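Following: one structure in C-alpha cells, then a few remarks.
Each chain gets a letter, A, B, C and D, in the order it is written, and its residues are counted from 1.
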Amino acid sequence: MIYQGKQKIWSDYQKEIPSDGWFYVRSCIRQSFFPASEKYFLAICRDLLGKDIYESEHHTTCGGIAYHCDTIPQETAMTIVARQFALMTEAGYKNLVTSCITSFGNYTEILETWREFPELEARIRENLWKATRREFEKPEYVAHASDLVYKFRNEIAERAKYRLVDVRTGKPLKIVEHIGCHYSKMFPHKGIGGAEYPCVLSGMVDSWGGEVIDYPERRHCCGFGFRQYMVKANRGYSVSNTYKKFESMEPYHPDAIITNCPGCPYFLDRWQYVISEQTGKTYGQNGFGIPVFTYEELAGLVLGYDPWDLGLQIHQVAVEPLLDKMGVEYDPDAKYLGINKEKLMKPALPSCLKCF
Amino acid sequence: MDSQTVLIIGGGVAGMEAARQLRLLGCEPVIVEKSDHLGGHVAGWHKLFPDMLSASSLIERMSESLDGITVYLKTQVASMNRLKDGFSVMLTNGTGLLCRAVLIASGFRLFEASRKEEYGYGVYDRVITNSDLEYWFNTGEDDRIPDNLSNIAFVHCVGSRDLKAGNPQCSKVCCMTAVKQAIEMKERFPDAEIWCFYMDLRLFGKKYEDFYINAQRDYGVHFVRGRVSEVSEDIDGRVILKAEDTLAGRQVKLKADLLVLMAGMLCNEDTAGLASMVRAEVDSDGFLRSRDNIFRINESSRPGIFFAGACTGTKTVPETVAEARAAALDIRNYLNGND
Amino acid sequence: MRERFATGFDPFVLPFLVGMIFVLGYCAYGIFRILFQLSRQDRRKFLLSLITPSTALKNIWDIFANCLLHVKLWKRNRMLGFMHSSIAFGWFMIILLGHIEVMVYCPERVRLLYYPIFFNYFVAENESTIGGAVLFFLMDFFLLLILTGIALAMIKRVRSRIFGMRRTTRPSALDRVGLYSLWAIFPLRLLAESFTAHISGGSFLTIPANWVFRQFLGNDLNMLPTWWAYSIALGVFMCVLPFTRYMHIPAEMMLIPMRNAGLKIRHPRKGFAKVEVLSCPGCGVCIDACPMSVKKVNIKDCTVYLNRQIRRGNEKRIEEISDKCLLCGKCEAVCQVGVEGPKLRIAQRASRRYGLTPDYSGIDVAPLVAAAKGSKVLYFSGCMTRLTPSIGKAVTSLMHKAGVDFVWMDRDEGLCCGRPLLTAGRIDAAIGLIHKNEEIILSSGADTLVLSCPICYKIFTERYSLPGVRVVNYTDYFSELVEHGRLHLTKGDVCYVYHDPCELGRGCGIYDSPRKLIGQAAGIAEAPKTREESICCGGSLGSLTLDFSQREAMTRNALKNLYESRADAIATACPLCLTTFSRYSERPVRDLAEVLDASCSG
Amino acid sequence: MIDFGFGLSRSSAVRLDEVDLTLYRKLEKLEPGVRTCMSCGSCTATCTAGPWSGMSVRKVILDLQRERASAEGHGEVRKMLSACMLCGKCSMVCPRGINTRHLILSLCRIYEEKK
C-alpha cells in the first residue's frame, strides 16, 4: 500500500464544511438503536466545541428507508425532504447536517436530481405547498454528522483522555473503518476522500492514534441492504454479505470497527452473533467478537465519557476487551444499571460468542 | 516569403519521419520537442508489434536520418502568429523563426491510470501500467514486479471506452499491446497464469489475430470477457480483482501477483493550446480536427497548418509513419502552390 | 525306381519336420481358439455352412481363386497378380505333385510329412520313364514359375513403383526373416534338386544345372548340405510364419468360409476380427488407396498398420489409428483378402469405455411428429444439409416441379440420424436416436422417406426398422420421377464430373443413378479414380481426431483427381462433400439436386 | 446452533486462481484445439441437440475453465455432454477449426477416468 497514493486521491476529494450554524436531522434507526450516539454528537458539538446546532422536534423520517425498500415513489420522498428543508428555512438555518447516511444520500440525491430537472423541484414545491402550506430554501451545504466529527477530529484529539492505542503494548489499535454505502458511492465528490478511499473515518482513526486497516472487502456493503434484510426470506443473503466482510478482515486481527451509518454498526454487531451461532466462528480474540462502534461512540470513548453512558452495553459484541486495551476506566457492575442505578435484568448469553 | 522552412511541433515518430521526408523533398524542417529526447512514447517502448521490432533501434535509426536537421529539445512553442504567407514563431528557448508551414505532430498522452481509482494505481504495490511494463522490459527496474509471479492480470480499456474516465473512444492499440505483453510475460514467467480482462478484443491489424491465436494456443493465456470493476489489496500485498465473466455470466475474482493496466491514449494536454494559437479546431474527442477523417486527415481547416500522427486520434506506429510521409508530401505541394 | 535309403530318413529333414509340426499345431490350436471365441449362434452358423453343399463349393472355389490364383489381384494389377499367383499356385502344385510322386512310387511312405517335399533326395527315379519325365517336367516347370515370382518379388522390394505401387509397407524384423527364408526356399530347392539330378532324375531345369555344377564340382559332397539348407529354409519359414504377415496364408483359408457363412465383426479383437487381422498379407495396397496417405505422417495409420498393431497388441497405436481414419471404405474396396478396415476400426472405437453416456430419452418428439404429418412422402434432409441450404432448396424445388406432395420433416428442427454416433463406436447411443426417429417417421403416416444425405441414408437402410415405409435416396427417387415423366430434364452445356460420396458409393453401392441423372441434365465426365476407387473428400465425420488443418491436403488431393477429368464443374450427392470441396475447389461444386433443378423446367 | 430461518450462503464468485483445472488440463492434452476457443458461439447456434437440451460446446469449455474446485460433478457439463448427438455441425462451423467432436468424446472419457 502506497500511502502517498491515497493522499493524492484525498486531495481531489475535499469538501467545504462550514464550521457552525447547522440544522440537525436525526436518524430513524439510530434513535432506536444508538440513541446515545446522537445525544453525544450534540453534546460534543454544543458543549465541548461550542457550536450552534439546532434541531426541530417537528422533523420526520426523510423517507429514505421506504424509498430504498421500494414502498414509496421518489416524489413522495422528495416531498418529505422538502418539508424538512422548510423546517430548516423556518428555523433560519442554511446548513443541513444529517445523522443518517441514507438520509445524507437521500438529500444529496434529491438535490442533484433537482439540479438536473428543475421542473421536478417546482412540482415538489407545489406538492409541499398544497399539502402543508410551507415553502423552503434549499440548504447551502449538506453534510453528514461524521463530516463534522472529521472536521473537528483534531480538536477532539486535543481534548482526548484516551487514545486508540493499546496501553499495554503502546502499539496503535487496528481499526477497520466501514463507510455506509449511501455516503459517497452515489456521488463521490460529496464524500470526504471520495468513494474508493474515503477518509472521513480513517481520518478520525489517524488523529486519535489508531491504525486503519485496509482489507480486500473494504468497499463491500455491510449486508443490510434494506430489502435484503426487511424480508425474512432474504436475510440469509444479508448475513452472507456480512460474513464475507468478516472473513476478509479476519487475517488482519482488527481490534474494532468504526462506522458512520445507522444500519452498518447494527448489522456488523448483531450478525457476528448469528454467524457464531451458525458456524461456531468468532472473529475477535479469545472467543470475543470484534466490537463495532459508531463514530460518536468512539469519539466519546476517546474524550473519556462513561462507556455505559455512551450506550455500549446495548451492543451484542462485548466492548470490554477494547476498553481494556484503551485503558478506559469503567465499572463492570454498572453495565446493566438503569438511569437511576436501578438494576436491570442481565441479557442471556449466547452459546458461542463470548459476552459479559 | 521564399523560405522553405517548416516547423514541426513534436519529435516523436511522426515528427521525425516527416522531417526526414521534408528534407528529401527539399524543405527545411525544424523540430521542436518539449522533452529532452526524440522518439516520444516509442522511445520508452521495448518491442513493437507485430514484428517485435526493437523500439530503441527504430528510434536510433530514425534519429540518424535527421543529421543536419535543426532540432530544439526541451523547447516548446511560446507563441505563433500568422503572417501573410507564413508564420512567425517564438520558442520558449528564445529563438524566433519564420516558417511557411507548421506540422503539428504533438502526439498523445497516456491516460493517467490513477484516475481509475478503483484499480489502485499508485495506491497498491502491485499495480503497473503498460508503459511501466515496457520500461521494465527495457531496464529490468521496477520494485512493483516481484521475482516470482504465479498470476498476472491485464486489464484492457483503462481510460478508454469509458465515459466515467472522460474518454468514450477506443484507444485502438491497447488490445494488441496487452496480447503482446501477455506473451512476453509468459515467456519470462512460463509457470505463471496470465489473465486478460477485456470488453471486446479489437485486434484489427495485420498479424494481430495470429498473436491472439498464439497467445491462446501456444502460451495458454486466459481471456476473460468482462471489465474489472474493482481491485483490492490483500494482506500479503497481492491484488484481488473483481470482474464478471460475461460469457459465463458469473462473478469472478482473481488474486494476482501483478496487475497491468492498459492505459489508453488521450490527446496531449498542450494540444488545445497549440490549436488555439493558430485557430485550428479541436474535435469532440479532444484530438485535433482534420479537414475530414477520410481523405484529408493530414490537413487542418487553416492553410499552412498540417497534422501527422496521434494528435488527430489514436494511431499505431505504422499508421503514424505513413501519415508523416503523407503530411510531408502535402506540405511540399502546399509550398509549391499545388494545392 | 529305387529308394535310396531303406530307412527313408535322413537327419536333414528335421528342420522341416519341426517347422511343419509347429505350424500345423499352431494353426489347429488357432482354429479351435477362434471357434471358441465366436458366439454360439455364429459358431453354429459357421459349422453348418461348412456342410452346406452350396457354401462348401463356394468356399473351395473362393479359396482356389483367391488364395492360389489371386484372381482379384490379377484384375487390379497384373504384375502383382502374376507374382503372387506364380508363387502361391506354383508352390501348391509342387506340393501336390510331390504327393502324387509319393503316391505313385512309394505309397507306403505317404504318411511321412517330409517325403513329398524331399522326394528327389530319397527316391532315385529316371526321367526316361514316361511318369518320371512328365512329373519331373511339371516339377521343374512350377519351380521355374515360382522362381520367376520370387525374382519379381525381389525387384518389387527394391523398386515398388514398377508394380504401380507408390508406397509399400515396411516389413518388421520377423517379417524380414520370413521374407528372406521364403526367397531362399526355392533357389535352394533348385540347387538341391540339381545336385541330385544325376541320381534322382530331373528335367529341363535341374538336369542342365546338374551338368553345369558337375563341370566344376566333381563330387557329391554338395548334395547333402544343399538339402540341409533347403530344409532349414523351410523350417525357418514355417517356424516364423505365425509371427509374420505370412500368417495370412492359413488365415485367409479360414476367413473365406467364415465370410461365406455370413459372420460379422462382433468383437474388436476376437473371432472374426482376429481372422481378418491375421488374413492381412501386409501387401500395402491400402496405403496408396488411403486418402490420408497424401500426407506422409498418416501412412502408418492405414489399415495394414492397424492390423499389424492389433497383432502386436500396441493399444496406444491401435487407438490412434482407429480414431484417425475417415472410414471412407476405400481400403476395404481395394483389399485383396477383404479386410474390413472401417468396421474393424468402429469395433475398436466401440470397445472404448466412456464415463458419460448420451441420453436422448428426455427428447419430446411430439412437435417433430406434428411437423412430419400431412403427406405420404417425407423428406429428411439431415443435420449437415442445414449448412448447405442450397440442397434443401433444390430438392424442394424439384419436388414441387414433379408435383410431389411432401413434407420436409426436419425443416425447422430435427434429430441426428445416428450415423455419426455409430461410426464413433457409440452404438447404443445411436440406437437411442434411431428409435426416436423411427417413432417420428412411423407416427407421421408416410409411406416414403426420401433422403438427400448419404450419411443418413446408409444408417436408415442398415439400421432402421420402418415397416411400411420405403426408404429411398434422392438419386433413386429423382430417377424414378424422371422415368415416370414427372420431371423433365434438359441437357445443359456444363460438363460435370461426378464425385462418388463414400457413404453413397462404397457405402450403399449407388453409382449409376446419379450418373444417369447428371447425364440427362448436363455433360458428364469421369475422373481417373472413380466409383469404388473414388477418393474421399476429406471432410468425413468418420475421423474422430483429424482436425481441420490436417484435412486440407486430403481435400486438395481428391480435387486434383476430379480436375483431371477436365469437366467444368464438380457434382456430388452429399452435403459434407459439397461443403468440404467448396472450401478449396477452383471449380464450382454443386449438389446433384442443384444440377437437376437448374435443368428442370418442371 | 440456532435455526434463524435463514442461513449463510457461499459466494457464487469464481476464484480464478483457485479453479481446479485438472479436467481442463487433461482435455488440453487430448484436444489442444480447446485453447483456441474464442467463445463465438457458432457451435451453440448450430447445435442439433441444442433445442432439446441447451447443449453448448462453448459453455462446456467455459464451465471447465471456470468451474470451482468444490463444485460437485460438473452437473451442467455432464448434462450437456450427454445430450450431444455427435452430428459434427459444430466442427464444421467452428471458425478456429477446433475438432469439437473429438473434444466432446475426449471429455466423455475423461469423466470415466475421474471415477
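By definition in this document, contacts are C-beta pairs under 8 Å (C-beta built on N, C-alpha and C of every residue); 3 or more make two chains touch, one makes a residue touch a chain.
The shown structure was predicted, so the numbers you read here are calculated from the model rather than taken from an experiment.
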Interface with more contacting C-beta pairs, comparing C-D to B-D:
C-D
Using mean C-alpha positions as chain centres, tell me how far chain B is from chain D in Å, no decimals.
40
Between chain B and chain C, what's the gap in Å when you average each chain's C-alpha atoms?
66
Inter-centroid spacing, chain B versus chain A (mean Cα positions, whole Å)
46
In chain D, which residues are in touch with two or more of the other chains?
11
Contacting chain pairs, sorted by label, are A-B, A-D, B-D, C-D
For the complex, give me every residue of chain A touching chain D.
232-237, 239-240, 243-244, 274-275, 277-279, 351
Touching residues on chain A, where the partner in the complex is chain B
1-2, 4-6, 8-9, 194-197, 214-219, 251-252
Interface with chain D, chain C side, in the complex: residues 323, 352-360, 362-364, 383-384, 386-387, 413-416, 418, 420-421, 424, 426, 429, 433, 539, 541, 544-549, 579
In the complex of these two chains, what residues of chain B are touching chain D?
150-151, 193, 195, 201, 212-213, 216-217, 220, 222-225, 242, 245, 247-248, 250-256
Spell out the residues on chain D that touch chain B in their complex, using ranges where they run on.
11-17, 28, 32, 35-39, 58-59, 62-63, 65-66, 96
